Structure formats: structure tokens, C-alpha cells
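What follows is a set of structures to go through.
Shared between the two complexes below is subunit A, which has subunit B as its partner in the first and subunit C in the second.
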Partner chain A sequence: MAEAVSAVTPTRMELLKLRQRVSLAQKGHDLLREKMDALVIEFFEVLKKIGDAKSAALNQLSLAYRALSVCSAVMGTIETRQASREAKRELEIEISTRHIMGIVVPTLEVEELKRNALSRGYSLHTTSSVLDDASKEFEKALGLLVKLAELEESANAIARELEGTKRRVNALEYILIPRLKATIKFIEMRLDEMERENFSRLKRIKAMLEARE
Partner chain B sequence: MSFKVAVIGDVDTTTGFALAGAQYVHVHIDKNGTLSKLGELLADKEIGLVLITHRIAEELGAEFRMTIRKKGLLPIVLRIPDKTGYTPKVDELYNLIKRTVGAEIVVRAEGG
Partner chain C sequence: MNVDRILKFELNKLNVHLPKRRISLKEALESTRPQVATRDGSVHRFKREELDFLAGLVPEIDRGRLQLPILIALDPKFGRGAARITGEAEVIAISQILGKKSTGGELLIYRPDVAIIRRKLPTTTQYLFMPG
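Up next, the complex of A and B:
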């Protein structure tokens, strides 16, 4: 049993106010609960997408690493690194925001991720074709990773919101509403008690009046 | 708005992503250097995505998690496996589900 609010005057006015507060809290609780359910559905949808995106991205990434290893083996490690320094590095990703149930989640998009060997910027006559393969694989992997990043960030944002909502639902359900109800009960009891006191007092007065006559 | 990509990783990871066109690469040497670089990258308004390998993220440990928690919406930080395919045993996502949805739902999509 939750503890009643101690500093309360047991009056009918207070009782009415409290009843109003309970019904408001109940309404809020129901709404939040619905929001939570919707968020959970959304969350699991994103999770499902993450599962697919993750396995695709990780596969592509391991392919890319393998291609890079081949490249290092064929061209030499230092030459590969040198080529990576020479490469044009002006990749830009477009980030905008989207709202899911009032939560801001980012959306990422990449333009012109895949480049041809000429536009990559390293010298062609000192490098081997395996370098082109490695670059291509890494470009592909980066594209998939960008998608994955978007999904993971969405999941995080939804999870954060979900946590907050859950805390509020629980606070209402387990703290505020029981406390208000306990207070209502306290006031009702007190009012009944006063009624009984008054009743017996009246009886006594009546008896005294009758005795006097 | 267009943003740039940054990568923190070992030499091979950074080489690969530099070939793919990532603008900022930082080769991890020691913890403090990487942490301060990470702080710089997160404060940079031009950067939208930071890739960091799982191994380094783990090495940075609690400070990394603190930094991540304090950042705003952007940049997004994504942890990726390095060339050995190393991923931590404790799945971040699994913890997230457990924390938010509650322990009663642990079954999730295949391959997630």
C-alpha cells in the first residue's frame, strides 16, 4: 500500500480535487502506455532491418579487407599506403533528419560513392589493378556501413525515448497513482469518521435535550 | 546538408577507407592521442560519421562510452570490425534491447 500524502486537509473539496487528479493521471498513463507500445513495434522493426544490414555490411567489409590484403601483397604495403594518401578524399554524405513518433532520427545518403579508377586520384601507372579492386570493395563497404549507421542511430534514438517513456509510465503506475488513491482513501475514511462523530454527538445532544424537558 | 566521414582505426583499416574516400583518418597509436582526436572529431561540425574499430573502442573503454553518451545527434559513431573480423562478445544491441524492452523479450530477428 502506498503511503498517503501526509500534508492534506481532509475536506470534501480536497477529495474532489484528488479524484480529478487521479483521472488525469490515469489518462496520461494510458496515453504513455500506448506510445510505449508503438515505440516497441517501431524499435523491433528497426532491429530487424539492422540484422540484415549488419550481415551485409560485415560481409562486404571482410571482402574489402581481403582485397586490401591482396593489394598489399601484390603492390607492397608501403606502396598501398602511399596510394591511399594520394587518393582523392572528398566523400560527402548527405544527412537529414526524419521524425518517427516525434523522435528525431537521422537519415544518411551517399552520392557518387563508386568512382572509377581515374577519378580516385592515385597515379595509375605506378599502381596495380588490385588496388582498384580494393578501392571498389571499400567503397561498397562504406556505402553499406553508412546505411547501417543510420539504422543503429535510429535504434539508439528510439531506445532512449523508450527508456524515458517507460520510466514515466512506471512512475505514474507505481508511485503517483497509488499515492493519490491512498490519499483519497485516507480522506474518505476521515470524512466518514467525522460523520460518525457528528452523528453520535447529535444523538447525545438530543438525549440531553429530551432529559431537560 | 553534406558531411564528411572520419575513420579511426589501425593502419590497414584507415588505408582502406582512405582509398574509398574518407576524409579524415586517424591511425590509432596510443589511448590518449586517440581520445583527444575523437573529441576533436566529435566537436567538428563538418563531420557526420565516425567509424571506429571495435578493438580500439574497447581499448578506450569507459572513457569512450562517456564521450559517446555526451555527444549530440551528429556525428554518428559506428563501430566496425577490423581486418581480423574482431567483434566483442557482448553485443551492444542485445544490451540495448534488454535495457529498454525488459528481460522478458530476448528473442530477436535472425542474424541480428
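Up next, the complex of A and C:
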């Protein structure tokens, strides 16, 4: 049984106030529990997406590294490295936000990730077409990695919020509401006791008055 | 007591992610940056592919009536996990996604349905917590 609030005046006014507080706490508990359920749905959705995105990114990276190995074999390691130094490295990512129940999660949108051979920046004269193939594969992999980063950050944010909400729900469910209910019970019992005391006192007074007459 | 104030603050914070003003699907489709300003002052963007998906679900005449984001109202009054969708155009779109018959301007859905909707429309739907 939860411990009643010790410094409480057993009055009807206090009882009314406590009943209001229980109702508010109950309402808060129900809403926060709904929020927690919704967060769990979101969290598992994101986890599922992360699994898919991770395997897709790994497969694509494996393809890209294989293409790079072929490229190094055909063109030579030094030439491949030289071409990679010449390539343009800027990537424009638009970072905006979306909200999942007040949690701000990032949305990353990449514009023009797949470039043509001319816009990559390396010389077409001195390189082979296998370098274009490897670049294409890496560009695809980069898109998948950006998506994966967005999902992982979302999962982290949701997990943090879920932890906080769960703590609040538990505090309401196992501490605040039982404590308030115990205090209400204490006041009710005390008021009943006072009523009984009053009743017996009145009876005693009545008996004394009757005896005097 | 301090706890009550914290609780009230928590309850007030539940719906800060909702937009100050919702926009129609038609407006969103025509906009170059489909987005809404939220109550906490931030911006919520809609993904273009979701807008196109929704446009394919509702008749052209209803695009001006479908308000975005679609609100999934969670009310403890309906029981744990139950949610409500309101608005005729919104109900048509959601019913089509769930493969249900659309009935009037209100639709009661349950947790598995909510998960399906959120999976298909992560940016064009939002949760609304009804304090009752």
C-alpha cells in the first residue's frame, strides 16, 4: 500500500482538492500511456526500416568496392587514386525536420546524387569506363547511407523520448496516483472517525442533559 | 504541489507538434516547398512522394478538402490504442489505404491500422492527443 502524504489536513476541502488532483493525474497517465504506445509503434517501424536500409547499404557498398577493385586492376592503383583526388567532393544535402509527437527528427534530402561522367570532375581522357561504373556504384551507396543516417538519428531521438515518457508513466502509475489515493483514503477515514466521535459526543451530552432534567 | 504543475506542463506539451494552420492537399501539391509551421515555431515538411500517393487515392475534387497533416486523434475515452480520423476526404484516403469502406466523416481505427497508416504516410499524418 502506498504511503499517504504525511502533512495533510483532514478536511473536506482538502479531500475535494485531492480528488481533483487524482483526476488530473489519471488523465495525464492515460494520455502519456497513449503517447508511449504510439512511440513504441514508431520505434519498431524505424527499427524495421533501419534493418532494411542497413542490408541495402551493405550490399551496395560491397558492389561498389568490387567495382573499385576492378577499376584499380584495370587502371592501376595510382591512377585511380589520382582520379579520386580530382573528383568533386561537394554534396548538397537539404536537412529539414519532421515531427513525431513533438520529437524533432531530421529529414535528409539529397539533390542530384547521381552525376554524369562530365560532372564528376576527373579527366575522361586519362580514365577508363570502369571508373565511371565504380563511381556510379558509390553514388548509389552514398544515397543509401544518407537514408540510413536519417533513420538511425530518428531511432535515437524516439528511444530517448520513449525512455522519458515511460519514466513519467511509471511515476504516475506506481507513485503519484497510489499516494494520492492513499491520502484520500486516510482523509476519508479520519473524517469518518471525526463524525463518529462527534456523534458519540452528542449522544453523551444528550444523556447528560436528560439526567440533569 | 510541484508535481501538478509539471503534469500540466507535460499535458500542454503533448500537442506542440501540431500545425498552427493545416493546408489542403491541393495547396501542398502546388507548393514548391510543401510544409506547415507548427505550434512550437518549427517547420514540418511533407514528402513529395507521399503527397503524390495521397493525390492518387482521393478524387481530384476532394484534394482541396483534404487537410494536411491528417490527424490521428488518440483519445483515452475510446480505449487504449483506439484512434479516430475525422473529415470526409481524410476518411476516404485512410479507408483506401486500410482497405475499409469509408463511412461518413469519421473513422475509428485501432493500433495495427495506426501502424499501417504511419508506415505509409509518415510525414502527412500526425498524432493528436485529446485530453478529454
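Keep this in mind: the second predicted complex is superposed on the first by the 206 of 213 C-alpha atoms of A that agree within 3 Å, B and C clash if a C-alpha of one lies under 4 Å from a C-alpha of the other, contacts with A are read in each partner's own complex, and residues count from 1 in each chain.
Everything that follows uses one rule, which is that a residue touches a chain if its C-beta (ideal position, glycine included) is under 8 Å from a C-beta of that chain, and two chains touch if they have at least 3 such contacts.
Here the structure is a predicted model, which is why all the values come from computation and not from measurement.
With the two structures aligned on subunit A, subunit B fits next to subunit C without clashing. Considering which of subunit B and subunit C touches more of subunit A, the answer is B. In the superposition on chain A, A:T107 contacts subunit C only, with no contact to subunit B.
By the touch criterion stated above, A:E42 is placed in contact with subunit C alone, subunit B being left untouched.
Of the two partner chains placed by superposition, only subunit B is touched by A:R89; subunit C is not.
Using the contact criterion defined above for the overlaid structures, shared-chain residue A:L176 touches subunit C, although it does not reach subunit B.
Once the two complexes are laid over each other on the shared chain, residue contacts for A:R168 go to subunit C alone; subunit B is not touched. In the superposed pair of complexes, A:R33 makes contact with subunit C only, with no contact to subunit B.
When the two complexes are overlaid on their common chain A, residue A:R190 makes contact with neither subunit B nor subunit C.
Residue contacts after overlaying the shared chain place A:T97 against subunit B and subunit C alike. Figure note: vertex subunit A, arms to subunit B and subunit C, all at CA centres after fitting on chain A; angle 120 degrees, rounded to a multiple of 10. In the superposition on chain A, no contact is made by A:R19 with either subunit B or subunit C. Superposition on chain A leaves subunit B and subunit C with their closest Cα atoms 11 Å from each other.
In the three-chain superposition model, subunit A touches both subunit B and subunit C at residues 96-97, 104. Subunit A contributes residues 21, 24-25, 27-28, 30-35, 37-38, 41-42, 45, 96-104, 107, 168, 172, 176 to its touches with subunit C in the complex. For subunit B in complex with subunit A, the touching residues are 1-5, 11-12, 14-23, 48-49, 51, 73-74, 76, 78, 80-83, 85, 93, 96-97, 99-101, 108-112. Subunit A makes touch with subunit B in their complex at residues 40, 43-44, 47-48, 50-52, 54-55, 58, 61-62, 64-65, 68-69, 72, 80-81, 83-85, 87-97, 104, 106, 108, 113, 115, 120, 131, 134-135, 138-139, 141-142, 145-146, 148-150, 152-153, 155-156, 159, 162-163, 166. On subunit C, the positions that touch subunit A within their shared complex are 1, 3-4, 7-8, 10-11, 13-14, 16-17, 35, 38, 40, 42-45, 47, 74, 76, 80-81, 111, 114-115, 118-119, 122-123, 126-127, 129, 131-132.
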